[in-house]
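In what follows, chain A forms one complex with chain B and a second complex with chain C.
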Partner chain A sequence: MSLAKRLESLDRRWIFLLIGLSVVLPMFLPITFPERITSQTQALYDTMESLPEGSVIMVPFEVWPSTLPETEPIARAAVRHAFRRQMKIVSLSNVGGGGPSIADRVLREEGNAAGKVYGIDYVNLGYRANYLAVLSGMGTSIRSIYQTDYSGTPVDSLPLMRNVDSYKDVAFIFAIADNATLDYWVSIVGERFGAKIGAGVTAVMAPKMFAYIDAGQMVGLLGGMKGGAEYEKLLGLPDQSTRGMGAQSLIHLLIIAFIVLGNVGFFLSRRNARPA
Partner chain B sequence: MRGPLPLAVAFLAGMFMIVSFFSPHPAVEKASGDFLNWVSIVSGFSILLGVVSIAQNNLAKVKRRQKEWPYAVVLLVALAVMLAGGVLEGTDSGTVYDALFQNVQAPMMTTMFSMLAFFIASAAYRAFRARTLQATLLLGTAVIVMLGRIPVGQAIYDGLPDLANWIMAVPNTAVQRGIIIGAALGGAATALRIVLGLERTYMGRG
Partner chain C sequence: MSFLVMTITALFTLALYSFLYKDNPVYRFAEHVFAGLSAGYYAGLIFQTVLVQQLWVPLWGGQAWLILPALLGSLMFVRLSPKHAWVSRVAIAFVIGANSGILVMQQLHGLVLPQVAKTFVSMASVQGVLIVVGVVCTLIYFYFSKPHTGVLGGVATLGIWFIMISFGAHFGYTVMARVSLLIGRVQFLVIDWLHLTS
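What follows is the complex of A and B.
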């Protein structure tokens, strides 16, 4: 069989095997590379650093469980940064299928590690139906939407919430997102109510978000695992994103190699098909 | 309800929300907030409707022993357990609901999503061909961005990360902006059609 034929008829299980190995191997043999910080990540980090210590920030967990490997490390980095600067976090989610549970787990784990207390240093408001109504309603009064938090505790009994009732009481919004609700955070919360927004998103979402950054509607952006790794580097706390970049590097290289090989096969077979 | 009443409600509610956007008057803001609360409550009921509907459909599937009915049993059992756990015990960490979510649902959804990597690699090998000038440009851009997004790219050529970031920040942004403006205009036009009663599919007819 000619090389062209072989390349054209390559069993895709070989591709699956190589992809699997590229993900698994870096777990056992960690490979780390130096990360160059992009301007979008630096801007987000600088914004967080510029906020006075003790500021109240909002960290919406607009994520489905399916994207956790990408979004959870970003969320953890954001929460760690906030706690390190003694900020208070108000969290919520417009993703009914798991967002509040993810927020609860991440905040409690990071809160316990930083010695923070629920209700004083951070709260999780949970989920309410219809994100358009929720985002608009919180501009007037958070209490009109959330009378209780995720656990059913009345919001008024949470010390942190005593002075927080709308976006005006929040210094910054650091959204973690894997879906289009982030567009509404920008268009409703940012544009209508004047809140300052930055976000950590999945890599596939990042291209769209560049338009908001360029228009000044978002102050900064962490795009996928790379964005998370850059933020971890700025924080001086390399963790899951930094480790994940080893696997991501191998996968990207492998896919590029597949594209090149596929095209070599394509051009060889096209040349062979030409009449002599 | 298919008479003029739903149209009148849609018109008045739509017009009020448009006006309230521009009015800082406390009474208007209060009424607007109440409207948004109602939307949230109605949406909550629509979720309930969805749950009842999916339960009914799957129950019927099991009763009639339709194709792949055991999957319907799994769905119904999972639905019942999560519902009972959530209602009886709450959803806090340490509850049955939370344990099932964190240890069953989340890993399953992550696994399903991670399958994409395999199929993307396979598709890239089979379909990403430099057949035309446009396809070649797309291919070259993809390679630059993929390399620029990983540290190895920087090792190959120091300017690659900056080039990848420029592609994302300039040509990509121009295209994304066009898409966003187009989608926003489309959304505004559709909303206006609903408010004016020209678009009536939400009432179950064209």
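What follows is the complex of A and C.
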């Protein structure tokens, strides 16, 4: 059988097996690749560093549970950075299906590790339906949208919220997102209310977000696991993203090899099919 | 997460990945459980966050006008009767009209105009030239009122190259995203569940 025929008839399960091995092996072998910090990640880090200690920032968790391997390490890095600089965090979510509970878990775990207190250092407002109304309404008054937090505590009874009632009271918005809600943060909250926005997003979303960076509508961006690993490197706290990058890079090399092989097979079979 | 919950999670993960070998009843069972759980979760979520939080509580708190949107919303259920299904169009028309009114201007001022403004750049740099040429050629590729022949055809072909490079970037990032999800699951199985490494 010719090489072209063999490539064409290759059982795709061999590819799945190779991909699987490429994920598992770096967990047992020290396979690492150099990590270069991109300008978007550096810009986001520098923005956070430039905020005065004690600033209030907003960290929306616009994420579904299905993208947690990408978004959770980014969220943890953002929260760690904020707590390290003694910032206060106001969190919320426009994704009802998991966003608020993910925010709750991440904030409480990181808050406990950093010795932060709920209500004083961080608040989770939870979810309210209709993101257009929520994002627009919070520009005027957060209390008009959220009378209570995620667990039903009245917002007015939370010390952190005493001086926070609109985007004007927030120094920066560090959105964690895996869906188009981020577009509305940019168009409504950024453009209409003038809030400064940066984001950590899934890799699928990243190419579209570069347009917002170029247009100055976002100050910085973390794109997927790579962005998370870069941010962890800047923080000096390597964690989940950094751990996954060995497998990530190995699989990328494998897929490049598959693409080359696929094209070789395609051109060989086309040449063989040509009448003599 | 307790070991029991972790084991159930791990078994469902393995059941879903068994599809990679071939379709099988274990995979279908896991898929149906996931679909059922999701539907139940969302029914509860919408009931609590919309019907209770945004209708029932404020209605009894004195906001009687909320009866109007409640009636409008309930018109959607008329679709269950084929004879009277047309009545639901009133509610659909309201939703489409309201959202269009809000979104069209919002998107125009918030996204379209700032993005267009950013393409008015100096062509003194390579990046500036690439942006202007890329935008113009790509737009011309989507101009279908004249046949893509001659100069127009050449410019449109250049537009295709820009589009293909963009697709390539999207594909690369999509691979990274999907692989990240796989890594996350395998890390859960190998590290969190089986403790085979740290």
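FYI, the second predicted complex is superposed on the first by the 275 of 276 C-alpha atoms of A that agree within 3 Å, B and C clash if a C-alpha of one lies under 4 Å from a C-alpha of the other, contacts with A are read in each partner's own complex, and residues count from 1 in each chain.
Operating definition for what follows: contacts are C-beta pairs under 8 Å (C-beta built on N, C-alpha and C of every residue); 3 or more make two chains touch, one makes a residue touch a chain.
From a predicted model like this one, the values you see are computed outputs, not experimental measurements.
*Asks:* Just from the overlay, do chain B and chain C fit on chain A, or is there a clash?
*Replies:* With chain A aligned, chain B runs into chain C, so clash.
*Asks:* Which partner does A:Q217 contact after superposing on A: first (chain B), second (chain C), both, neither?
*Replies:* The answer is second: A:Q217 touches chain C but not chain B.
*Asks:* Mind working out whether A:T181 is in touch with chain B, chain C, both or neither, as first, second, both or neither?
*Replies:* A:T181 sits against neither chain B nor chain C.
*Asks:* Does chain B (first) or chain C (second) touch A:N263, or do both, or does neither?
*Replies:* Only chain B is touched by A:N263; chain C is not.
*Asks:* Using the touch definition from the top, say if A:W64 reaches chain B (first), chain C (second), both or neither.
*Replies:* The first partner, chain B, only.
*Asks:* Can A:T41 be said to touch chain B (first), chain C (second), both, or neither?
*Replies:* In the superposition, A:T41 touches no partner, neither chain B nor chain C.
*Asks:* Figure out whether A:S93 sits in contact with chain B (first) or chain C (second), or with both, or with neither.
*Replies:* neither
*Asks:* Touch check for A:L253: first (chain B), second (chain C), both, or neither?
*Replies:* first
*Asks:* Can A:T242 be said to touch chain B (first), chain C (second), both, or neither?
*Replies:* After superposition on chain A, A:T242 lies in contact with neither partner.
*Asks:* Could you say whether A:S101 touches chain B, chain C, both of them, or neither, answering first, second, both or neither?
*Replies:* First partner only.
*Asks:* For the three-chain arrangement built by superposition, which of chain B and chain C touches the greater number of chain A residues?
*Replies:* B
*Asks:* With the two complexes overlaid, spot the stretch of chain C among 20-28, 74-82 or 92-100 whose C-alpha atoms clash with chain B.
*Replies:* The one stretch of chain C in steric conflict with chain B is 92-100.
*Asks:* Which chain A residues come up in both lists, the one for chain B and the one for chain C?
*Replies:* 16, 19-20, 23, 66-69, 96, 128-129, 132, 183, 187, 192, 203, 206-207, 211, 214-215, 224, 226, 248, 251-252, 255
*Asks:* Across the complex, what residues on chain B touch chain A?
*Replies:* 21, 29-30, 32-34, 36-37, 39-44, 46-47, 90-93, 98, 101-102, 105-107, 109-110, 112-114, 117-118, 120-122, 124-126, 128-131, 139, 142-143, 146-147, 149-152, 154-155, 161, 165, 168-169, 172-173, 176-177, 179-180, 184
*Asks:* Can you name the residues of chain C that touch chain A in the complex?
*Replies:* 20-21, 38, 41-42, 45-46, 49-50, 53-54, 99, 102-103, 106-107, 109-111, 114-115, 117-118, 166, 169-170, 173-177, 179-187, 190-191, 196-197
*Asks:* Report the residues of chain A in contact with chain B in the complex, numbered from low to high.
*Replies:* 10, 12, 15-16, 18-20, 23, 33-36, 38-39, 64-69, 96, 98, 100-102, 104-105, 108, 128-130, 132-134, 136-137, 140-141, 144-145, 150-152, 183, 187, 192, 203, 206-208, 210-211, 213-215, 224, 226, 245, 248-249, 251-256, 258-259, 261-263, 266
*Asks:* Under the stated contact criterion, what part of chain A meets chain C in this complex?
*Replies:* Touching chain C: residues 13, 16, 19-20, 23-24, 27-28, 66-70, 96-97, 127-129, 132, 183-184, 186-188, 190-192, 202-204, 206-207, 211, 214-217, 223-226, 240, 243-244, 247-248, 251-252, 255 of chain A.
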